[in-house]
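Next, two complexes with subunit A in common: one pairs it with subunit B, the other with subunit C.
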Partner chain A sequence: MDLTSFVQSLLNGLSIGSVYAIFALGYTLVFSILGIINFAHAAVFTLGAYFTYALVGGAVGFNGLLANKALPFGLPFALALILGSVLAGLVAVIIEVLAFRPLRAKRADPLLTLVSSLGVAILITNLIQYLVGAEPYSFPSNTYEGLPPAINFGTPNSPIPIRSAQVVIFGVSVVILVILTFIINYTQFGKALRAVAEDATTASLLGINTDFYILLAFFLSGFLGGVAGTLVGSSVTIAGPYFGISFGLKGLAVIVLGGLGSIPGAVAGGLVIGLAESFLPAELSSYRDAVAFAVLFIVLLIRPRGLLGRTQIQKV
Partner chain B sequence: MATFFNTYGFLIVSMLLAALLALSLYLPLMAGQLSLASPGFYALGGYIAAVLSTRVFVTQPGGLFPVPLVLLEMLIGGLASGVLAIIVGVPALRLRGIYLALATIAFIEIVQVLALNLEITGGAVGIFGIPQPFKTQIEYIWIAAPLLLIVALFVYRLERTRVGRAFIAIREDELAADAMGVNPTTNKVLAFTMGAIVAGTVGALGAHFLNTWNARQGTFDASIGYLAFVLIGGSWTFLGPVLGGMALTALPEVLRSMSDNGALPSWLGEFMKDGRFIIYGFLLVLGTVFLPQGFVSPALFERRSKRKEGKEVPPASPAQRGQGLGVS
Partner chain C sequence: MQANAWSLGLRTDVTVTVNIRRRFKMFKMFRRVRLGSITALAIGAMLLVACGGELATAIPGAPTIEPTTAAGIATTVSGAADTAVAAGNTAVSGAGTVISEAATALPTTVAGAATSIAGALGSGPIPIGIGVAQTGAVALLGQEEVTGAQVAEKFFNDKGGVNGTQIKLIFQDTAGDEAGAINAFQSLINQGNVVGIVGPTLSQQAFSADPIADRAHVPVLGPSNTAKGIPQIGDYIARVSAPVAVVAPNAIDAALGINPNIKNVVVLYAQDDAFSKSETGTFQDTVKAKGLNLTQVLTFSTKDTDFQKQATDTISQKPDLVIVSGLAQDGGNLVKQLRDLGYKGLIIGGNGLNTANVFKVCQAQCDGLIIAEAYSPEANTDMNSQFKEAMKAKQGDKPPSQFNAQAFTGVQVFVEALKSLDNKSKISGMSLADLRTALNKEILAGKYDTPLGSISFTPEGEINQAKFYVAQIKMNPDGTTGTFTYIK
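Moving on, here comes the complex of A and B:
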C-alpha cells in the first residue's frame, strides 16, 4: 500500500468512523439512562436527513403524498443542518413521551420497550415512504458552498485528493463531539444527566427532575441522529426511507464494541469500525457490510462488555 | 369455494408458514432467550432446497416436482440448520438478554452478506424457477398444515415435559434453575436448536412455495416481523405465536380488500392500502403499551375460568401484567 492510498484510507476511515461515533452516541445516551436500546434512533437518523434535505430547498420526487412539493425557500446548508437536527431531536422527544414513558410507568420488561421502539421505527420509516416515496434523494451538488469537490492533502507534485464531503463530515463530527463532551463533563446539565444515569431514584430524591433529563437525553440523542443522517445523506445520497435501518444496525455494532453505555467507548468503537471498513482490501469490498457484524460477533464472544464498558455483576 | 381458495390460497398458506416461523422464535423465548436468528436459518433452509431442486434432483421440465423430494429437502434443511445452530449457539448462548439479541442480529446480517456474495446462492439475483410440486398454491396446504399441526402439538407437549419445564425455569430465574440442577447452557442450546430446525424446515418449503429465493428472505426486518407475531399474539403459550402469526399476516390483506370493496370511505381505503405498514408499526406500539403479554395472555385464561364459576373479577393490575416476558 503506497502512501497516497494509505492516507486516503486513513482519512476516509476517520470521517466515516466519526459519523458512526456521533450516531452511536445517540444510542449510548438513551441506553446509559434507561438501560434500553432505542431502535427508533435509526428512523430518526433517516428523518433528520430528509428534514435537512427539505430545508435546503430540495424538492420531493414524483411519488408519495407530497409529490413535487418543495419549501418556498432554501436555507444555507449549515443552518439547515442545525435546524433539521433540532427537528429530529423534537421527534425523539415525542417518541419518548408516546412510546417509552407509558411502558416505564408500568415498569414493563426492557424487552417490551425494545419492541415498542421497533414499532416506532417501522411506523416512521413507512410514513416517510408514504409521504415522499421510496426513491433516493441527492443533495444539490453545491451543498457545501464554495468548497471544491476534492481538497488536496499532499503536495502539488504528489497529490492526495480527499473528497470535500469527507472533510466536512470529519470536521462537523469532531466539533459536535467536543461540544457534547464539554456539556456532559463540565456543565450542571451534564452532571445532572450523569446522576440520573447512575441512579434515577436517588437523583430524583436529591431534587433532580428525572423526567426532564430523560427528555433532554432523548433530544440530544435525536439531534445527534439528525446530524449523522444529514452528513451521510449529503456526502453520498439519501438512499430511500430504509437507509437508516442498515446504518442503525452498524451503530449497534459500534456501541457493543465500545461497551454499552460508555461515551468514550462509542467514539472508540466508531473509529475502530470506520477504519476497519476503509482498510479492507479492495477485492473484499463486497463483504464490507459484514465487517461491523463480524467484529460485533467476535467481541460479544470474547469480551461481552466491550472495549471500555463496565463489567456487569449478576446479583441474586 | 373453489374461487375463494384460488384467490386466497397464497394468503392461507402464508398464514400457516408465518405461524410456524413465529413458533421457531417462540421456542428459544420459552427458555428466556430473545433470539432474532430465525430468518437466518429460514434463509439457509430455503437455499438448500433451492440448490437441491434446481441442480441436484433434476426432473424433466413440464412435469410436477415429486413431493417426497420436497419432504427430503425439508428434512435436510432442518438438520443443516440444527447443526449450524449448535455451532453458533454454544458460544453465543453464554450471552444474556439484549447481548444475545445483538449477537443473533449480527448472525443474520452475516448470513445475508454471504448470500449476496456467494456464487452458489445466485448473488443479488438469487435462485429463481424453483420447480413446483403442485399445480396451484393452495395445495401447499397439504404440507404446511400437517407441519404446523406437528410442530404446535410438539410445543404443546413440550410445555408439559421435563425439558419444557426446565426451559421455563430458566426463563423465570436462570440462577435459581442452575442451583436446582438444571443446566442452563445445555437447555438454552437445545431450545435455540429446536427453533432453528423449525425455521430451516419451513425455509425449504417456503423456497418452493415462493418459487424464487434471494437474500431478502433472511433480513433483520423479517426477524422483527416474527418477533411482532410472537409478542402481539402472546408469549405465554404456543397459541399466542400461532394466532399472532396468522392474524398479522392476514391483516394487511383484510385491510386491502376492505378498501377495495368500498366497505371503507375511499380516502381511508387508500390510506389502508398504501399505508398499511404505518398501521402495523402503530399496532406494535399500542400492543406493547396496552397488551404487554399479547392477546393470548394469562389474564384472559384467568378471567375465563373465574367467570365460569360465576364470579366477576377485575382485570389484572398493570403491575401484575407488566412483567411481560421475564427476559432481562
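Moving on, here comes the complex of A and C:
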C-alpha cells in the first residue's frame, strides 16, 4: 500500500468511524438508562437527514403527499444541521412519551419495549415514504459553501485528495464528541444523568427527577442520530426512507463491540469498525458489512463484554 | 384513598371506606379496559399503517392492493383508495403473504372462483397484474413502472379498451427482493385472477417469481428484466426489455466516437445484483473485442453509499473510460465520488442508471455520463409522441424514462394481443385458464408499434426490437435537472 492510499484509507476510516460513533452514542445513552435497545433510533437518524434537507431549502420530489413542496426559505447548512437535529431530538422525546413510557409505567417486559420501538421505526419509515416518496434526496452541491469537492492533503505533484464531505463529517463529529464528553463528565446535568443510569430508584430518592432525565437522554440520543443522519446524507445521499436501516445494524455492532452502555466504548467501536472497513482492499469492499460483523464476532469471542464494557455483577 | 377521604373531612367508618374502595376498584377496572382498548386501537392503527402503508399507500394516488377475499371476489379498481377500507379487511389486504397462504390452503375455493371469474369476464373489466417494486431499494425504478402502467391503463381504456371492454390493472408490490416477488405473483395469479402479469422489476426477482407464473400457465412480460436467460425460464415468460447483450455494446461504440484515443478501461459493477453482473460481462467482452485494455475490474454492492475506495483505486489506474454497472442510487453515487476525487475521463453507465432519478444523486457531476438505452424520449415516432403526451398529463415536464416506456409497452402488448384474440374468438366466452394459454400464443405471434419502436417476439419470448439509442446526460446549470441527449 502506497502512502497516498494509506492516508486516504486512514482519513476515510476516521471520518466514517466518527459518524458511526456519534450514531451509536444515541443507542448507548438510552441503553445505559433504560437497559433497552431503541430500534427507532435508526428511523430518527433518517428523519434528521430529511429535516436538515428541508431546512436548507431542498424541495420534495414528485412522489408523496408533499410532492414539489419546499420551505419558503433556505438556511445555511450549519444552522440547518443544528435545527434539524434538534427536531430529530424532539421526535425522540415524543417516541419516549408515546412508545416507551406507557410500557415502563406498566412494568412491561423489556422485550415488549423492544418490539414497540421496532414498530415505531417501521411507522416512521413508512410515514416518510408516504409524505416524500422513496426517491433519494441529495443536498445541493454547494452545501459546504466555499469548499471544493475534494481537498488535497498531499503536494500538488503527489496529490492525496480527500472529499470535503469526509473532512466536514470528521470535524463535526469530533466537536460533537468533545461537547458530549464534557456534558456527561463535568456538568451537573451529566452527573444526574449518570446517577439515573447507575440506579434510577436511588437517584429518584436523592431528589433527581428521573422522568425528566430520561426525556433528556432521549432528546440527546435523537439529536445525535439527527446529526449523524445529516452528515451521512450530505456526504452521499439520503438514499430514501430505508437508508437508516443498514446504518442501524452497523450502530448495534458498534455498541456491542465497544461494550454495551459504555460511552468511550461506542467511540472506540465506531473507529475500529470504520477503520476496518476503509482498509479493506477495494476488491472486497462490497463485503464491508460482513467485515464489520466478523470483527465484532472475533472481539466478542475474546472479550464477551466488548472492548471497554464492564462485567455485570449479578446481585442475588 | 383513605387519606383523601380524611382530608375531605368525610366520615371514614368501615362501610364508607369499603364503598370508596369498591368504587375506586371499579374506576381502575374501567380505566384499565379503556386504556386496553385505546392501546389495542393504537396497535391496530400502527399495523395498518405499517403493512397497508408499505403496500397500499406506498405512493399516494397509486393503486391500492385489492381486498381480495377467500371467495376470490374479482378485484378492486385501481386507484380506488376507499375500496380497501370499505371492504373492512384492509389489514388482510395489505398482507400479501397471508392471502396467498390462505389461497394455497384452500385450492378448491380458488378453483371454484376461477370459473366464476371467467364467466364474469364478459361484463367486468379485464384484470391485468402489475407486480413491480413499489417499496424497497429499487422502489425508484418500480415507481416509474407504476406510473407507466397507470398511464397505459388510462390511455387504452380511453381508446375503448379491448374491443369495448375496459382493462383494469391490479397492482401488487413485490418490494425489492425475491420473496416479495414470489408473494406478489402468487397473489396476482390466485386472488387477482389476472389474465397476465407485467413484472417483476429486477432480473434477480424474475428468476424466482417467473417459474411460479409459468407453472400456473400465466403469461408474464418482463418490463425491465434484461439479464441473460429470462425468456428461457419457460413458455409463458417473455420480455419487452431488450437483453443487455444487445443494448450495452452501443454505448462503447458511442464513447469511441467521442474519444477515439481510449486505451485503458476500468469496469465496476454491483456484485449483488444479477442484472449488473450479466451486464458487466457484456461490457467486459465488448471492451476486449474492441482491442481496449481492461486494466481493472472492481465490485461494489447496491447497498453501498461510500465508494471512495473504489474511486481512489480506479483513478490510480489512470483510465480513459470507466464503465459502471449498478442501480441508480449506488451507480450515481459512485459517479459523483469519482468526479469529486478528480476523474476527468468518460464514464459509461449501465441500464440501471438509465433514469432521471440519477440526476438527484450525482447532480452536476452526472454531466457527460453515456448511457445506452432501449428507449429515447427523443425518438420521433407517432406512438412515442402519443405516449409522451399521455405521460405529460400525468407527471408534467419530466421526460418519460425507459422504465415508464417499458411498463407502458407491457400493458400495450397485453391489450393489443387481447384485442386480436377477441377478434378471432370472443374472450368473454373462455375460461380463465384457456384465456391465459391462448393469450400467451397471441402475444408471441403479434407485432406491436410501441413507444420503444416496432417490436415483436421470438417463439421463445425474447424481444426483437428494431432500434436502440445512446444518450449522454446534459445537466442544467441548476445542477439538479438535466436531460438525456440522444447521440446515436
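We take it that the second predicted complex is superposed on the first by the 307 of 316 C-alpha atoms of A that agree within 3 Å, B and C clash if a C-alpha of one lies under 4 Å from a C-alpha of the other, contacts with A are read in each partner's own complex, and residues count from 1 in each chain.
Here is the rule we use: a residue touches a chain if its C-beta (ideal position, glycine included) is under 8 Å from a C-beta of that chain, and two chains touch if they have at least 3 such contacts.
Keep in mind it's a predicted model, so treat the numbers as computed, not measured.
Partners subunit B and subunit C, brought together by superposition on subunit A, clash. In the superposed pair of complexes, A:110 makes contact with subunit B only, with no contact to subunit C. Of the two partner chains, subunit B is the only one touched by A:249; subunit C is not. When the shared chain is aligned, subunit C comes close enough to touch A:149, but subunit B does not.
By the touch criterion defined above, A:122 lies against subunit B and subunit C together after alignment on the C-alpha atoms of chain A. Legend: residue contacts after superposition of the two complexes on their common chain; A:300 is shown touching subunit B, with no touch to subunit C.
Within the superposed three-chain model, A:290 lies in touch with subunit B and out of touch with subunit C [touch as defined at top]. By the document's definition of touching, both partners, subunit B and subunit C, reach A:130.
The superposed model places subunit C right into subunit B at 207-215; the other stretches listed in 81-89, 171-179, 189-197 or 207-215 stay free of clashes.
Residues 102, 119, 122-123, 126-127, 130, 286, 289 of subunit A are contacted both by subunit B in one complex and by subunit C in the other. Taken together, the subunit A residues at the contact with subunit C in this complex read 4-5, 8-9, 12, 16, 61-65, 102, 119, 122-123, 126-127, 129-130, 133-138, 140-141, 149-150, 159, 161, 163, 165-166, 232, 235-237, 239-240, 242-243, 246, 278, 280, 282-283, 285-286, 288-289.
Chain contact summary for the complex, subunit C toward subunit A: residues 39, 43, 46, 49-50, 53-54, 57-60, 135-137, 139-140, 143, 270-272, 298-301, 303-306, 308-310, 312-313, 316, 328-329, 332-333, 337, 339-342, 357, 360-361, 363-365, 395-396, 398, 479-480.
Subunit B makes touch with subunit A in their complex at residues 34, 91-92, 94-95, 97-99, 101-103, 105-107, 109-110, 113-114, 116-117, 175, 220-221, 224, 227-228, 231, 274-275, 277-278, 280-285, 287-289, 292, 318-319, 321-328. Taken together, the subunit A residues at the contact with subunit B in this complex read 37, 98-99, 102-103, 106-116, 118-127, 130, 245, 249, 252-253, 256, 260, 286-287, 289-290, 293-294, 296-297, 300-301, 304, 314, 316.
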